[in-house]
Amino acid sequence: MEWLGPEEWQAVALSLRVSFWATLAGLPLGVFVAYALARWSFPGKQILNGIVHLPLILPPVVTGYLLLLTFGTRGPVGSLLQEIGIVFAFRWTGAALAAGVMSFPLMVRAIRLSIEAVDPKLEQAAATLGASRMWVFVSITLPLILPGIIAGAILAFAKAMGEFGATITFVSNIPGETQTLPTAIYAFLQVPGGEGSAMRLVLVSVVVAMSALFLSEILARRIARRVAGI
Amino acid sequence: MEWLGPEEWQAVALSLRVSFWATLAGLPLGVFVAYALARWSFPGKQILNGIVHLPLILPPVVTGYLLLLTFGTRGPVGSLLQEIGIVFAFRWTGAALAAGVMSFPLMVRAIRLSIEAVDPKLEQAAATLGASRMWVFVSITLPLILPGIIAGAILAFAKAMGEFGATITFVSNIPGETQTLPTAIYAFLQVPGGEGSAMRLVLVSVVVAMSALFLSEILARRIARRVAGI
Amino acid sequence: DQVTVFAAASMKNAMQTVSDRFNEATGHDLAVSLAGSSALARQIQQGAPADLFISANPGWMDALEKEGLIVPETRVDLLGNVIVLIAHGEADKVDIGPELDLPGMLGENHLAMAMVDAVPAGIYGKAALKSLGLWDAVAPKVAQADNVRAALALVATGEAPLGIVYATDAAATDKISVIGTFPADSHPPIVYPAAAVTGRDNPAVSEFLAFLRTLAARNAFEAQGFIVMAD
Amino acid sequence: MTLSVSLTHRLGQFDLDVSFEAPAGLTVLFGQSGSGKTTVINAVAGLLKAQAGRIALDDWVLEDSAQRLWLPPHRRKLGYIFQESRLFPHFTVRQNLRYASWFARRDGPGESLSRVVEMLGIGHLLDRRPALLSGGEKQRVAIGRALLAAPRLILADEPLAALDEARKAEIMPYFERLRDEVAVPILYVSHSPAEVVRLATTVVALQNGRVARVGSPAEVFGDPTIAPAGVRGIGAVLEARVVARHADGLSELAAGAARLFLAGVDLAPGKPLRVRIAAHDVMLSLQRPEGVSALNILSGHVEAVRLGDGPAAIISVQTSAGRLLSHVTQRSVAALGLKPGVACHAIIKTLAIASRGGNGTATTQFQAMT
Amino acid sequence: MTLSVSLTHRLGQFDLDVSFEAPAGLTVLFGQSGSGKTTVINAVAGLLKAQAGRIALDDWVLEDSAQRLWLPPHRRKLGYIFQESRLFPHFTVRQNLRYASWFARRDGPGESLSRVVEMLGIGHLLDRRPALLSGGEKQRVAIGRALLAAPRLILADEPLAALDEARKAEIMPYFERLRDEVAVPILYVSHSPAEVVRLATTVVALQNGRVARVGSPAEVFGDPTIAPAGVRGIGAVLEARVVARHADGLSELAAGAARLFLAGVDLAPGKPLRVRIAAHDVMLSLQRPEGVSALNILSGHVEAVRLGDGPAAIISVQTSAGRLLSHVTQRSVAALGLKPGVACHAIIKTLAIASRGGNGTATTQFQAMT
């Protein structure tokens, strides 16, 4: 397409990459936390629940700022990670981290809800057949909550595609490295007459996210049907 | 508490009011849309699904801008509504609208997931006993999805408490009318030496949202147990 | 009466003082809505109930003026500002000129600025670096924040060793030091224009416009590091 | 009231094509697992929209694909007892029952909650939620719920399968009462010949989605070529009338020209009833036996001999009470020289007879089930 | 292998306090709806953690609250057939079955998928998901799944309740084989006297969370004061041995000093088996009847007369084959002058006898169920 400059294409590609990884990397932890919140009771459960929801409650800028303090190269976690070669600051990985953190509560909520809907009687049946807890989870619970996981993942992906405040505060806006679609859109909106360009990018972002949404809907429906066994 | 000025108290109160109404007013529509997406098939379903997710996909600023264009006093919908006395522009109602729109996808997803988990066989059983569709929904489906509705409402409330981008873009940041906690925090973060005050407000916002969260968790657990019949 | 002022967010502290003093002097209340200049300008385009607009960006004021949304006679360049080069922690002063080895000072690290094509402080900074011939060398190293304060935070946390911000912001933290001031002629003049919004016949507005020129107001702005340009 | 059902429907590889009339009373759908019983019931309930067909209760048409008429389930005035109880998990037992009376039809048979609760023995469960009930308890509540809807048509899918014999015996008279007194048409799925015999007015035998046979229990069960329950289901049904009730608890019945003695029939003299005599409960003797414990000995002659698979044979014997069937070994057939025309006596143990039509509370008068 | 179970547990208002030994073979838990059968089985499976108790299979302790020992379900090497099938909805039938063999224990009885599939008649369902199965089909798959886990202990909660008679007759021999050949201990819940009689080695009668009686089917069912199934369940059990197989399909058995003829026993001469004779299938005669179709006529004398409720009585008769019970009317007791010491003949229809121990495929040799 002619009407997107190379830098804008870069932003599109980067947004996709960031959202994809934010979602993918967040999933295992999301499933784990959702399972813990849904099925276990342990001291500090409500605190964990609170922490998970924090990014939703706080203005994104604050989250970004806290990320900067924690995962920046001078931050307590950031400096540790740096020693083993993991750097978030001013990298696309940082954008993914920010997007992942911001979308995490959405993911967890969706997955948790679907875990709560699984009939423990089926898990019991699997256990009587000799499946260990781990296996029960992998072979019964996980497939049954797949629609919930997909729903959570879509939600997270969509959120990641739109995430702006935390991302720019944490990793700022470096074209080609951390300039995602939302930051590009924001930039256009800051200047008089930039609406047109902004809307072009909005369109791209809508098309991309909607396609992902449609695909995942189809996938989710197919899986839900499998799971319902119809 | 001494350490919050009157304007800040106003922001706290306003945020609560805005989030409360955003959630409450969004719920009926949220349940309806979730039901439609979960149970009906109709042309344009995927488009509806897309529109519902839009606020998640778009950078909040864009959503705010689109709200401003649509529901502003000069906007097509805003000018119509104004004639019947409903004004959103630069009112707290507008802040609630923005928060409601932004949190709507989260609400719908959560409710939809719980609707999909309801066994249609129970609804069928109610129908054979003479309950009309409407009654089946009210007496069977609704109570069974209550945990999902609560989950959706919490998510929406938390999101509404933290919503910043769309709100400030749509209804600005007028103290006492549209200055919510996040916009107040933003303003503090914009000036030299404002971090301390900002963090105070962040703390308030965390405490408020967490309390809501805890309460609703307890409520949800109680209801879930009722629903599971244990 | 109440005067509603839409003011650039960076003016928060100053506007607070001004608001109190205006109330003392006239008995009128001031409601100040603080947000990015772009958001405020767009809201005025959509009929926001603002009596007065103070923008951090002349461009947006021009845009409103072109659309007849402000009263041209009331437009004044209220405040001025200066952009400075800051460094993390204690650092030696440098001379800002074409021979400044900015890339060398940065090394592998980033230069924190506000968005160079979107946010005023960034636009001014980029213009200054360009006119000094430094831009091309540092451009790939620039980390652009969505506003000046975020750029400042990057330097304050040490994430970026250097940054370009307004002098008014630089005063805020002792985690950074100002190591140089950009020559005023290296960038377009930094001004904060103010003007009354059209169609609002609020008599208190002219009182407030007048109040902005008083010593009380001037002191409040200067206390925050602004250069008061009015009169 | 006659329920007429005519349906064609395809479910995956399963092809349903049935057409039958269920006259007033209780119609049992009988057939192997997977033969389509639940599918038919679901279609009648409107839970499954058959691809084509017509369902009517006398002239009240529930659906007719030709007329594009289709009543939704809630307007069909049903009481459906599902194969899996389907109680509402968020309601207590009481609320589940109340739910049904809430929508109860004005024109259906009104049952009081307390009566149903007592009949089903679920009084102590009223405040519990279904998740805390045992399998049989759930099923009883489900039965109560369907009955309290005051239905004009009862659908029951193996309602008693999860219950113990004693419970079954307590609940069966209730279905009899519904059938006889309240006259609600009942479509009833059962695998249990005992239930069929006791309850059925009509039996519809399904095989592989087709109606294999429709008729009275006597007809269907008396026909070894259908033998829906295997050879065990075979038996004859006699029409009888109560003549007297004796002090020792036995009732004397007139069946044809003969007298039969039955235990535990709680009917007043003059009342008609049906008696089912399973083929394997009938012994044949060439001479009239003397000094035996059996009170019912009917003279007659062999009408037909059908040799079955294996070592058994089915003998029809025409007696003064009507036609009886006897299930004997082929060795006995040979030893006694049984062939059409041979005179013989049919010996039936008094306590082995199943009566139909009694509303009794004792369990002993019914068809031996052990 | 002996399963010893001793449990106390409180569920809401329900108080379980049972203690019994289930010796090798198939132990039936028998009792009214809500008497605690499922609760006991769940505790043995480890799905319910009993408040106190001990469960052991010989010296393999599954749980012992005194030792604070408790094995989780997946380490108990079970095959549990649930009251509600609990198939995995996201797996096809084949995958459900495979799932079980996946975790199959090396040390359990290995069954091949194809053999189980054939036995249960579910070959045509293998690629379907459970939601598309009929009630009985689901239950059959659930049985197959449990069997394929190669369990060392089988728990079966009314496994055949949803099945038709023909299916039951097909599946029962399989449980017999497991019991007799593979020697897996089986804990089996059933309401059906026919199943109990055919399958049970031991019967544990539960009443209200307590063990009312433990014993052989003969003991439990021969005792009218327990009579778990009502008076219908009463019968006697004779130990017998196959003597010959005749060409007409009948087997000749030696029971005590007497000979019995039974149809469809598929055992080689010399094999031992048990024969159950229900009390209501035994007719008494003072004279030896001649020319009757019944092949089994045993001489003996009355041992005891118990008058039951209602018009019936239970007579114990000592015969050359062993003790028999007969269920007759009190009128006959009076007419024939039955009292201890009176000589009489017990007449049993050949086809009315239930054999135990046969692995037969024919259905006719078993206890009359209609």
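Residue numbering begins at 1 within each chain, and the chains themselves are lettered A, B, C, D and E in the order written.
Simple rule for what comes next: a contact is a pair of C-beta atoms (placed from the backbone, for glycine too) under 8 Å apart; a residue touches a chain by one contact, two chains touch by 3 or more.
Quick caveat: nothing in here was measured; it's all calculated off a predicted structure.
Enquirer: How short can a chain-to-chain path be from subunit B to subunit E, counted in steps between touching chains?
Expert: 2
Enquirer: If I count C-beta pairs in contact for every pair of chains, which pair wins?
Expert: Here the largest contact count links D-E.
Enquirer: Going by average Cα coordinates, which chain is farthest removed from subunit D?
Expert: It is C.
Enquirer: Count the residue numbers both subunit A and subunit B use at their shared interface, divide by all numbers used there, and answer same if that is over half, different if under half.
Expert: Answer same: the two copies use largely identical residue numbers here.
Enquirer: In whole angstrom, what separates the CA-based centres of subunit A and subunit E?
Expert: Roughly 57 Å, centre to centre.
Enquirer: What whole-number Å value describes the gap between the mean CA coordinates of subunit A and subunit B?
Expert: Their C-alpha centroids are separated by 20 Å.
Enquirer: For subunit C and subunit D, what's the span in angstrom between their mean Cα positions?
Expert: Measuring from centre to centre gives 90 Å for this pair.
Enquirer: For subunit D, which residues are shared contacts with two or more other chains?
Expert: Expected reply: 84, 132.
Enquirer: Using the touch rule from the top of the page, what residues of subunit C touch 2 or more other chains?
Expert: None at all.
Enquirer: Show the residues in subunit B shared as contacts by 2 or more other chains, in ascending order.
Expert: Correct list: 61, 65, 186, 189.
Enquirer: What chain-chain pairs meet the touch criterion?
Expert: Pairs flagged as touching, ordered by label: A-B, A-C, A-E, B-C, B-D, D-E.
Enquirer: Tell me, which parts of subunit D touch subunit B in their complex?
Expert: It is residues 45-47, 72-80, 82, 84, 86, 88-90, 99-100, 103-105, 129-132, 145-146, 149, 155 of subunit D that touch subunit B.
Enquirer: Which bits of subunit E are touching subunit D when the two form their complex?
Expert: Touching subunit D: residues 11-13, 31-34, 37-39, 83-84, 124, 128, 132-137, 139-140, 157-158, 161-167, 169, 191, 193-194, 197, 229-235, 246, 248-250, 261, 263-264, 278, 280-281, 283-287, 289-295, 309-312, 326-332, 336, 338, 347, 349-352, 362-364, 367-370 of subunit E.
Enquirer: Where on subunit A does subunit C make contact in their complex?
Expert: Against subunit C, subunit A makes touches at 61, 65, 68-69, 72-75, 89-90, 164-165, 168-169, 171-174, 178, 183, 186-194.
Enquirer: Which residues of subunit C touch subunit A in their complex?
Expert: So the residues of subunit C touching subunit A come out as 36, 38, 41, 59-60, 62-63, 110, 112, 115, 117-119, 142-146, 150-151, 153-154, 157-159.
Enquirer: How about subunit C: which of its residues touch subunit B in the complex?
Expert: Contact set of subunit C toward subunit B: 4, 6, 9-13, 31-35, 39-40, 42-43, 46-49, 147, 149, 168-169, 171-173, 224-225.
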